[in-house]
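As structure tokens, the structure follows; a few thoughts come after it.
The letters A, B, C and D name the chains in turn, as written, and every chain counts its residues from 1.
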Amino acid sequence: MQTQPANLFERAFKKLVPYGLEAVAGRRAVPDIMGLDPDLPEVDLGRVREWVDNCLDAHAGQVEARNRAAMLGRMYLNLSQVGKVRFLGMLAEEYGIDDAGVEQAISSWQSALNGERARKAHQLRKALEPAHNRLLKQFTGVPSGVKFLVDMREELLGLKQEHSELESLEADLKELLATWFDVGLLQMEEISWNSSAALLEKLIAYEAVHEIQSWSDLKNRLDSDRRCFAFIHPNMPDEPLIFVEVALVSGLAGSVQKLLDEDAPTQDIDSADTAIFYSISNAQPGLAGISFGNFLIKEVVKKLSREFPHLKQFATLSPIPGFARWLENCPAAQLCELPGGEQWLSLPSPRVVSVIEANESMDVRQEALTKLAAAYLCQCKKGTRAQDPVAHFHLSNGAKVARLNWMGDVSQKGLKQSAGLMVNYLYELPKIEQRSEQYTSEGVISQSSAIKKLLK
Amino acid sequence: MQTQPANLFERAFKKLVPYGLEAVAGRRAVPDIMGLDPDLPEVDLGRVREWVDNCLDAHAGQVEARNRAAMLGRMYLNLSQVGKVRFLGMLAEEYGIDDAGVEQAISSWQSALNGERARKAHQLRKALEPAHNRLLKQFTGVPSGVKFLVDMREELLGLKQEHSELESLEADLKELLATWFDVGLLQMEEISWNSSAALLEKLIAYEAVHEIQSWSDLKNRLDSDRRCFAFIHPNMPDEPLIFVEVALVSGLAGSVQKLLDEDAPTQDIDSADTAIFYSISNAQPGLAGISFGNFLIKEVVKKLSREFPHLKQFATLSPIPGFARWLENCPAAQLCELPGGEQWLSLPSPRVVSVIEANESMDVRQEALTKLAAAYLCQCKKGTRAQDPVAHFHLSNGAKVARLNWMGDVSQKGLKQSAGLMVNYLYELPKIEQRSEQYTSEGVISQSSAIKKLLK
Amino acid sequence: MQTQPANLFERAFKKLVPYGLEAVAGRRAVPDIMGLDPDLPEVDLGRVREWVDNCLDAHAGQVEARNRAAMLGRMYLNLSQVGKVRFLGMLAEEYGIDDAGVEQAISSWQSALNGERARKAHQLRKALEPAHNRLLKQFTGVPSGVKFLVDMREELLGLKQEHSELESLEADLKELLATWFDVGLLQMEEISWNSSAALLEKLIAYEAVHEIQSWSDLKNRLDSDRRCFAFIHPNMPDEPLIFVEVALVSGLAGSVQKLLDEDAPTQDIDSADTAIFYSISNAQPGLAGISFGNFLIKEVVKKLSREFPHLKQFATLSPIPGFARWLENCPAAQLCELPGGEQWLSLPSPRVVSVIEANESMDVRQEALTKLAAAYLCQCKKGTRAQDPVAHFHLSNGAKVARLNWMGDVSQKGLKQSAGLMVNYLYELPKIEQRSEQYTSEGVISQSSAIKKLLK
Amino acid sequence: MQTQPANLFERAFKKLVPYGLEAVAGRRAVPDIMGLDPDLPEVDLGRVREWVDNCLDAHAGQVEARNRAAMLGRMYLNLSQVGKVRFLGMLAEEYGIDDAGVEQAISSWQSALNGERARKAHQLRKALEPAHNRLLKQFTGVPSGVKFLVDMREELLGLKQEHSELESLEADLKELLATWFDVGLLQMEEISWNSSAALLEKLIAYEAVHEIQSWSDLKNRLDSDRRCFAFIHPNMPDEPLIFVEVALVSGLAGSVQKLLDEDAPTQDIDSADTAIFYSISNAQPGLAGISFGNFLIKEVVKKLSREFPHLKQFATLSPIPGFARWLENCPAAQLCELPGGEQWLSLPSPRVVSVIEANESMDVRQEALTKLAAAYLCQCKKGTRAQDPVAHFHLSNGAKVARLNWMGDVSQKGLKQSAGLMVNYLYELPKIEQRSEQYTSEGVISQSSAIKKLLK
């Protein structure tokens, strides 16, 4: 059968039917009844506007209101790109804030007596809520409605580049999503080969760091010496929000290719002393800017240390995604005291060519690049913030820069982005809160003595 | 072992320990460290104020921030009534809205150019958020933190009667809870004798309509011809929010005592044609004013009609809680055309005494009271709204007043509140949405022909 | 509704209906159709005999065969005690082994050539299977059929005392049950306050050592510092076969009343160093003689030591059920070297009266009785087997007699059976297999030095 | 990591370690300690013989006994083919029945008085149990032990072809497995895309009728208009024993290629009136001869008719695996009245060539072959039994031969085995028991009128 693009509302509409709503004549009939042009020309936009007003009708019962929202959602899914921009633009501009109402609420608040002030402030807050927010909120009660909004925000993030009129709608939706995806509501779930195929296929689709090649690659990553954890939201039970892949090993792992080798023997987990977080992926682009990784790592550390009391360290094996680009662009002055070398591996970097000159041995080049990477990670900042995004993520979580690994990722992507280097960030339980605060407030970057030596 | 009052944070603190947060020296040590007087005299209030500031410190990591909130929660649970009022008063008054900030945001918004307006409105909305809201939100991430807030609102609802300074805090908390307890997040769960004792004991505690006398009474209500459904929130998995008890019977049931008789034979559910909703209880006083019953009944109707396709009607067997009081107070003129009677059963009503006079046969009295009840239900309104609260609930859900049952509830409570009468509200699937709208907008009360006859 | 005696077949018959078996006209109609006298007079026994033949009809499909067995089971449940004896007697005597068939199979086997011998032995084994075994086996496919057989054996165990003709049937049924209740099929399940009420009510019913007084007593035994584990059979999922109650404490517990005190504070399980098994109950009298306790204790020890790595010892707190009776009956010579005392507590023992004489202080009496108990446990044997049944159970599992506790159980039962004493048996992981073998083969009883001292 | 061949005992040994059994020094160490040659030369066989005696040692505790069996199992898994034959041969021959013991038990039985006879018969039965049975039974208590025995029987079924000395061992093992895999213990489980990958990969491996090509093919077979059910044994929870794939369609389906087409649109299940069983696969070759299919189909019919009350018929879409071979071999006389044809499709059949001669149109050929297939299915018997094995399976379950489908399976396998034809067997609920009995006892084959017409 054809894989259907998203069929978000299929379940929705089946659930609706028993409500006895004749208006919803069947899940496939609806768009036909409306009979809209997917590009939403003016006349059709008018009909949609009426429907939106319908959805916002205060007299409708709560159940009915959500049914109407569901039909609107279905309509949206049938629109073309052009139609979507028109529809979203309408929501942004015509269903925003009622300025007159706000002015009135401001006057009320300003002239309120002390005992009334809080209530008036509350009313002002209400007046400031755009009408489209009320509409969007109705989707939480529609089956798959939250996922619908997450996907809509993904689209808005793309569209707002070209259509600045959508910016405020995107911001409003982000704020709503941030409320619903409060960390307190998330459930950490262990994912294994015993998890459902429906969930596992999402891992294959969403893995962002080291692509999963096949079901057999996935199975290998869920073997007896591996663990995988995800945050799940109760409203999107088959959708991981973020997930982390962990390897249980002896000592710090330095090469991701070794970790992912399907032919390597399985580690005896009873003798493992280290948990390596080798991949952390956000699975929902529509939740960009709403962070959970912070919590996930800490929950996983707690869980693993309870399950495997003999684990002695928790560390990542991470890419340095901004390193190669930085090498390209940083001023020669910063690099000049380092030994040079000619074209290095496949790194297409004229800058490095000139810096790491010919005649130098591989060892010298390794030392040079490793030192450069240490400098990049620990000394390149924007304000108090590390320039490398992955470094920033782990440092703000309270990690320490622990070790650099030459040839840690020799995949094309690894060579191109990180010059083949990988870094271990170490999570030392008793110190993570303090480090997190020191980094966040003052920009202090904790370093192991090995890293410090590289920086001398 | 002693039953501990609520020990909400026990689990919380155990979870925290593995975070390696030395600050949290142990779940029992905390209050000792703080060493506060439960009445929170001024000096101790000062220390709590510092701690609240600590909780609101923007530099703390999210995890640390929630830990601090957890400790504050624990502190709260150790306070006396006096101390709680002082603490909540401080939150209400000192951690409210920053008026100067609001004024500034208003100016900014008022002078903003068109393209900026939405962003400025957003900032004004933020400025209008009281500081205590930011504090309260941190509890969603603390284990049992949401239940903590629900219980705190229950306390606030009581305290604000005497302490009007707490009203705004209560209103703010209600708004937050309404967001978190959005119907879209609720899961309908079937409750049976196979449910956990931890959940079942909540039913015993919370049943509000017909008290559950014992575990054996409860078991009877979960027998093969009974069903029970509840809404559960993912953040409070062992706590029903609202639950409904259903009996599968043949024909409309008219007597609750018969339904609850432990010695009655079990109905063969394959021959049942009617589902009777004989009890609907809200389980969380702290969620008063945030309604779910509407949705629950509809979900249950959907579920039952799928499981038992031979069910032909869905109805309630409901008390008429305001009837007896109304009889007391309504002007004689309204009752005078009815035959009178002397003291009727145990109903301590001089008014009824004078109206339903002696010498009348029981039949006459039955007719008289039944007619009065029909009049009360269908004709006594405040505006468009039925005066009886249970009637209002079902009518706004789209039900019809179907039948009155003489001697339907002969318990003391039933006689005292409803003069022993009970009423069936009928949920007719194809008409509930329309009826709901007609009642809500125009106050139309649907009536069966039997009821109409009583009203002639 | 009436609590129905066992309604084993209710579910059975509902499942059967969709098979389209018109013969089974409905679950309540069946006995009426048969219309049997519950005492099964000769004429009715004849009809049952026909039905049994029907059940054994080799031409019926497997599904049909089981349906017939189900109806037979239903018939049995409606019989009186007299009727049951007649029916079971018929099964035992008329549906036993076909002697002629056996003789023939013996000849066949005896004259078989070498290559044929195994097959002929197989046939002889078949011939030796009583016809009623084939009938009983059909019940495994009937819902609740296995529980039916377990309960039938319970009845047989009682009936065979008076009706020796039922002995062979009971033995055959025991053998079948032993096959089905193979330990490999049992699942260990943790029972908590989150378990279903359907399961928990069984604990209340079945607890054999220290009676559970109420749901609140039960809840106390499932508090945060308690654990309870049971073996469950997949065919009887709501029925524990055996269960053990465990308290997590600091140091060996000596008094069961302290352990069960509902007002005692909860132990902090993170500081507990000892797991006390204070009650082990077999829940199915119909499985008498088929032992699982052995495995259950070891599984529980494994599970607890994984969950609580800081536990340092695993021990029981056990009654000495045969002690008081032994005191009554053992010859004076054995007791004479001990100090005497007058009537001790409520122990109605003239023997002890004469042995533990007046004027002795309580301490002397304590010492005397404790020494006697040590002697009873460690020196009173039948062959290599300890005379006390509880001692025998734990010793054959590999435990050591560790400590005697004066006034360990001051309940009436405890005083009467065990003179108020309780004993701790200690399970020391590295030694249990060796101790088990030494006790089983040679009768060696491991003793702590404290016990040895008492025996000097 | 390397996919390990079966690692049945991995889990076993990990579970054993906490028993504190020093003898089991670690799951990898065992074979090294034994240090056996995989071919089991005489000297090593001697050591294994000792170990087997060890396993059968009556003094060992039950737990210890099973640990020893587990080690023996591990040893077995490390043997070569040669070693296995030697080991199994030893079990068959040296650990069989003790003839002298049997003779003695026979005498005892023959001379027993009436009251003693049953007990003596019991003892004779015991004496007839081969020693290897006692050994094999110990494996049920070892994790994965039952699966181990199932796999061992699979090997025995192959080996006994060449090694007739293994026949009795295979027969004994079959008998034990038949007891453990009693239908009453099996759980029917619905398999969907939400099932675990661990279970789903077994479907891919075991599908025997229409091979599953990929995970995407599998997902298609689990789409919204498909169902899949399996029997699971509680002791092998991740292993289906048998599974059936069902399509919900409108009208009888005639082509398996259409059913499996991944690009076909999904059927709206609310309008489906027919459930098509298009594939039934036994998943465990080691359970050959122990049948469950009978029960599975009936359970599935029950379940589907409850879930989809609008389903009007239940039918299979089945291959006719013996048809082409039968065409090859059946005497010309039987075919002579049929029109002929030349080489038909790719069917490599000289017989058909001569029968269905050239010049005939495709229609004629279709008619000819369809008539032949009807004759083959309904008239070709061995005794009362249909010759085609799939026909026999469904007929003995109570199905009717309903329709023949020309070009129903045009895969290579379908053309080769079934001449491209497929057949629908119809399960008509009210008649299946009666049909099953008529077929089983008298060989009556129910036919639709369409089939009857073909046979005229």
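The criterion applied here is as follows: contacts are C-beta pairs under 8 Å (C-beta built on N, C-alpha and C of every residue); 3 or more make two chains touch, one makes a residue touch a chain.
Predicted model, so just to flag it, every value in this text is computed and none were measured.
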Selected pair, greater C-beta contact count between A-B and B-C: A-B
Distance between chain centroids, defined by C-alpha means - subunit A, subunit C (Å): 56
Subunit A and subunit B: spacing of chain centres that average the CA atoms, whole Å: 37
Distance between chain centroids, defined by C-alpha means - subunit B, subunit C (Å): 47
Two or more partner chains touched - positions in subunit A: none
Chain pairs that touch, as defined at the top of this document: A-B, A-D, B-C, C-D
Subunit A contact footprint on subunit B (complex, rising order): 15, 18-22, 59-64, 96-97, 99, 102-103, 106, 109-110, 115, 117-119, 121-122, 124-125, 128-130, 137, 139-142, 145-146, 164, 167-168, 171-172, 175, 179-180, 182-185, 187, 234-235, 294-295, 298, 301-302, 305-306, 396-398, 429-433, 436-437, 440-441
Parts of subunit D lying in touch with subunit A, wherever the complex brings them together: 1-2, 4, 10, 193-198, 200-201, 215, 219-220, 223, 225, 238, 261-266
